[in-house]
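Got a structure for you, written out below as structure tokens; questions coming shortly.
For clarity, chains are labelled A, B and C in written order, and residue numbers in each chain start from 1.
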Amino acid sequence: MSVAFDEKVHKTLADANLQLAIYRATGRLIDHRKHAVAATVLPDYQELRTQANAIKKHTIDHLDHYLEQFEANVTAHGGKVIYCEDATEVADFVLGLAKERGAQLIVKSKSMTTEEIDLNERLEHHKLESVETDLGEYILQLAHQRPYHIVAPALHLTRYDVGDLFARTLGVANETVVEKQTLIARAVLRQKFLAADIGISGANFLVADSGAVVLVENEGNARLTTSAPRIHIAVAGIEKLIPRAQDLAVFLKLLGRSATGQALTVYTSFLSGPRRAGEIDGPEEFYVVLLNNGRTRLLADRAKRESLYCIRCGACLNHCPVYRKIGGHSFPWVYSGPIGAIITPQFLGIEHEPSLPFASSLCGACAEVCPVKIDIPKVLLDLRAEAKQAEGRKGANRMERLAFKIWAWVMCHPRIYEMAAMVAASVAPAGNGKWLRSAPAVMNLPPVRAWLSQRDLPPAPAKSFRQLWRKR
Amino acid sequence: MSREAILNQVRTALGRGAGQGIAQPPPVRLRVDDMDLETRVGSLLHAVEALAGKTRRAATGEEARAYVRAVMHGRTAVASNAPFLRECGIVDLAGVQSGFTDATALRTLCATADVGITCADYALADTGTLVMLASPAEARLISLLPPVHIAVVPKERVLSGLDELFTILPDPAARTSSMVLITGPSRTADIEQILVRGVHGPGEIHVVVVE
Amino acid sequence: MANSELWIVRGGGTTLLQSLFMAQRVSIFVTCIVDQLFPNVGLAMADVLERLGYQVDFPEDQTCCGQPAFNTGYRREACQVARHFLKVFRDSEYVVVPSGSCTSMIAHHFHDLFPEDPEARRAAEALAQRVWEFSKFVLEVARVDDVGARLEDVVTYHDSCHALREFGIKNGPRRLLANVRGLELREMDAAEECCGFGGTFSVKFPEISGGMAGTKIDSIVRTGAKTVISVDSSCLMQIQGALARAALPVRTMHLAEVLASR
């Protein structure tokens, strides 16, 4: 397991205030979701999940068809689709367009995809001002930090952190009342919206039969980002496609409820192209950047292809007992929680963070709440098998490999198993029936030490079950 | 450009050929709730209030107009070009400006007006949602920039929910570049999960349903 | 046939007949952890099954279900152990297991271990139909929800993850516990949260595992219960280990042990 991961985990676990903040925030989201999908409130919740999974499966299995249909419809409505292989191509496109149009100020609404490709950093490097407008993301941008959670990006910060941050970066008085902090951000960002040349958004869904981008939000910043500036660029992974506008009747019922417990978020925008003839306002130019960045690799892996069904609701994070302890910043990439654990190794290679697929108790809480029924535990198990195969080929982790080989051999030979068990029982302390704080030297192997670092060991019983059974 | 490269990678990954047909997608799933109009209106108003929106049922256009005047309380407003607002006499209220077709002028007004007044193309009863399609009658920014938004809606436009919306409007893109579903006042809980209203969009919304 | 047997079998007419004429045989797979560390659980389970009128068979060649290897990514080793398991229980009509996670391994994962061996795969699929987690067996095969147990205690119940999510085991054990005379059940708020065991996870990520155990025992303490019950000994080992480390006077019992109490 990796030192970097262990250190981040340790730091988070040792911070009592942070532990409380994470547990409370996720606990609230868990409760909200529970009420929103209760059988009395949404009786066909399970059926909707099944349908959503089927639609995503179909779309992903025929992705080329839907990409082409989407592109044709975007074009028909006066927009343009740009396919980008990676972060550099996206940045090049945005920079090129900005230069051509003499654009200097960009406003951005929340988009994990743009975080994935470090878009802001790349734009800033070329002297373009790109301002995050979602309150949580704006705070993080000022603080130069990564999001902590898909839906609640600043969950790890207190109002005092925010007060200090605003005072330091905006030159305002140190204000710790949350409503007032919000007004400060609102005022600053309003100016940006009205002055911006380009608005960059993500996309929650791309609708193939409409050439439309769907955005869900609560603040109104995505609407402003995509309505005030002359140019709107939506950046989205190719997997965001759904076939028909009518499929939104399924997905919109699941997304808000799974994420925050809302039947619908405050604003849902369905945007297809620049403003039409006769429409009074809206962008004059409309671009959809379709990003690959490795998604075709995941696509090729049939067994794990379902990882691409994700609609980024964050429910798996909220319900994951591991995430609720280690938080979003323990994860090495922008995507955290169970979904992060399965896509990070697939995008970046398992070597990027070998701990990830193993840092789970496989409790299954994530799969239970995933609105599109991704079998996350199954994918984790597949990744673990692949990781061990890779180690075998490289000759890494020999001791563990040998231990399991021996273990398997013993388990296939019952009499050997019985003898080994008797030997182990003879060195293991009986402890007078009390659980043990420590183990004798001969037993003090790494797994035993690891166990004892956190909890007591069970005492060895006088006789094993099979010995007792024979006497019965 | 990477278009061909990416599409080829997708096809290779899926084992599909260019131009290859597709299997049937799962059938569209729309279940329209059988709700009569009265129930729909009641449900809509109840849902809006549950979201801290304010509501009024107006028997006539005049009543609607009086309500709007009361909410405006001497402040300034920008109204959309929806014919229904004209019919209710709302555009004639003191302090209301409307009839804009120029984007720049409209934006300047929206940025300073206290109240934005619109109609709505539809409303969804189960979630308390307003459905607004951008058109010559409805600009985008009126329901977005001013801190107060009043929507005056004739009752026949109230639908049961999303399923009915997508049944009668399966192809929104054919009609407009922007369809927005508005469900309650703008809000955030990004700082310490404390709820604050009116972050970027209006913090106060009013839904008036007219007979 | 003793009167006590007649009394136990209310609501289970089929079982009554069976005890009268021909005792149904069930095999038990006690699991390696019970065999080596918590033998009483196996004995208790056998007791309860016998009292329900079954003839209990313990195939001596049994060892492990292979889950530790499977969960750690060692599929070949898991496959070897699974093959052995299939052999041992080849002729068992019922295999009853005092663990949701082991039952899940057998019923849900064995068949994936033999991608190139259709015969073994078929055997695994057939076995999946015959393997039962203990509480499910009592309720759905024996069709009994009152085994005549008695235990004076204030208890709380931990929903073991595999049992809960793979088999929907939630109300079943609670129904069984409700019929235990003298028992008061108090629900903990974090009943469905993972205890943090997760097999090798508990020793590969001890700090996280320990943190999860901490949340669990805090929740237990808030109920005031003196005993924690679940259907999985691995969960109980994790929970008891954490309780003991915190020097808390709360004990753990497997559901089988509770049901065997008189």
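FYI, contacts are C-beta pairs under 8 Å (C-beta built on N, C-alpha and C of every residue); 3 or more make two chains touch, one makes a residue touch a chain.
Predicted, not measured: the structure shown is a model, and the values here were computed from it.
Novice: If you count the C-beta pairs in contact for each pair of chains, which pair comes out on top?
Specialist: Highest contact count belongs to chains A-B.
Novice: By CA centroid distance, what chain is farthest from chain A?
Specialist: Greatest centre separation from chain A goes to chain C.
Novice: Provide the C-alpha centroid distance between chain A and chain C, rounded to the nearest whole angstrom.
Specialist: That pair's centroid distance is 34 Å.
Novice: Distance between chain A and chain B based on Cα centroids, please, to the nearest Å.
Specialist: 30
Novice: Could you state the distance in Å from the CA-based centre of chain B to that of chain C?
Specialist: 54
Novice: If you look only at chain A, which of its residues touch chain C in the complex?
Specialist: Residues in contact with chain C: 1, 6, 9-10, 13, 19, 23, 321-322, 324-326, 355, 358-365, 367-368, 381, 384-389, 400-401, 404-405, 407-412, 414, 417, 421, 424-425, 434-435, 437, 446-447, 450-451, 453-458, 460-461, 463-469, 472.
Novice: Quick one: in the complex, what on chain C touches chain A?
Specialist: Spelled out, the residues of chain C in touch with chain A are 30, 32, 34-40, 42-43, 46, 58, 60-64, 66, 68-78, 80-81, 83-84, 161-162, 165-166, 192-194, 196-213, 215, 237-238, 240-242, 244-245.
Novice: Mind pulling up the chain B residues that touch chain A in the complex?
Specialist: 1-3, 5-7, 9-14, 16, 18, 20-23, 25-26, 28-31, 81, 100-103, 106-107, 111, 126-127, 129, 134-136, 139-141, 144-145, 162-163, 165-167, 170-173, 176-194, 196, 198-202
Novice: So in the complex, which bits of chain A are touching chain B?
Specialist: That would be residues 21, 24-25, 28, 44, 51, 54-55, 58-59, 61-65, 67-68, 73, 77, 82-85, 89, 133-136, 139, 152-155, 157-159, 162, 178-179, 181-182, 185-186, 189-190, 193-194, 207, 209-212, 218-221, 223-224, 227-228, 238, 243-250, 252-253, 262-276, 278-282, 286, 290, 292, 296-297, 299-300 of chain A.
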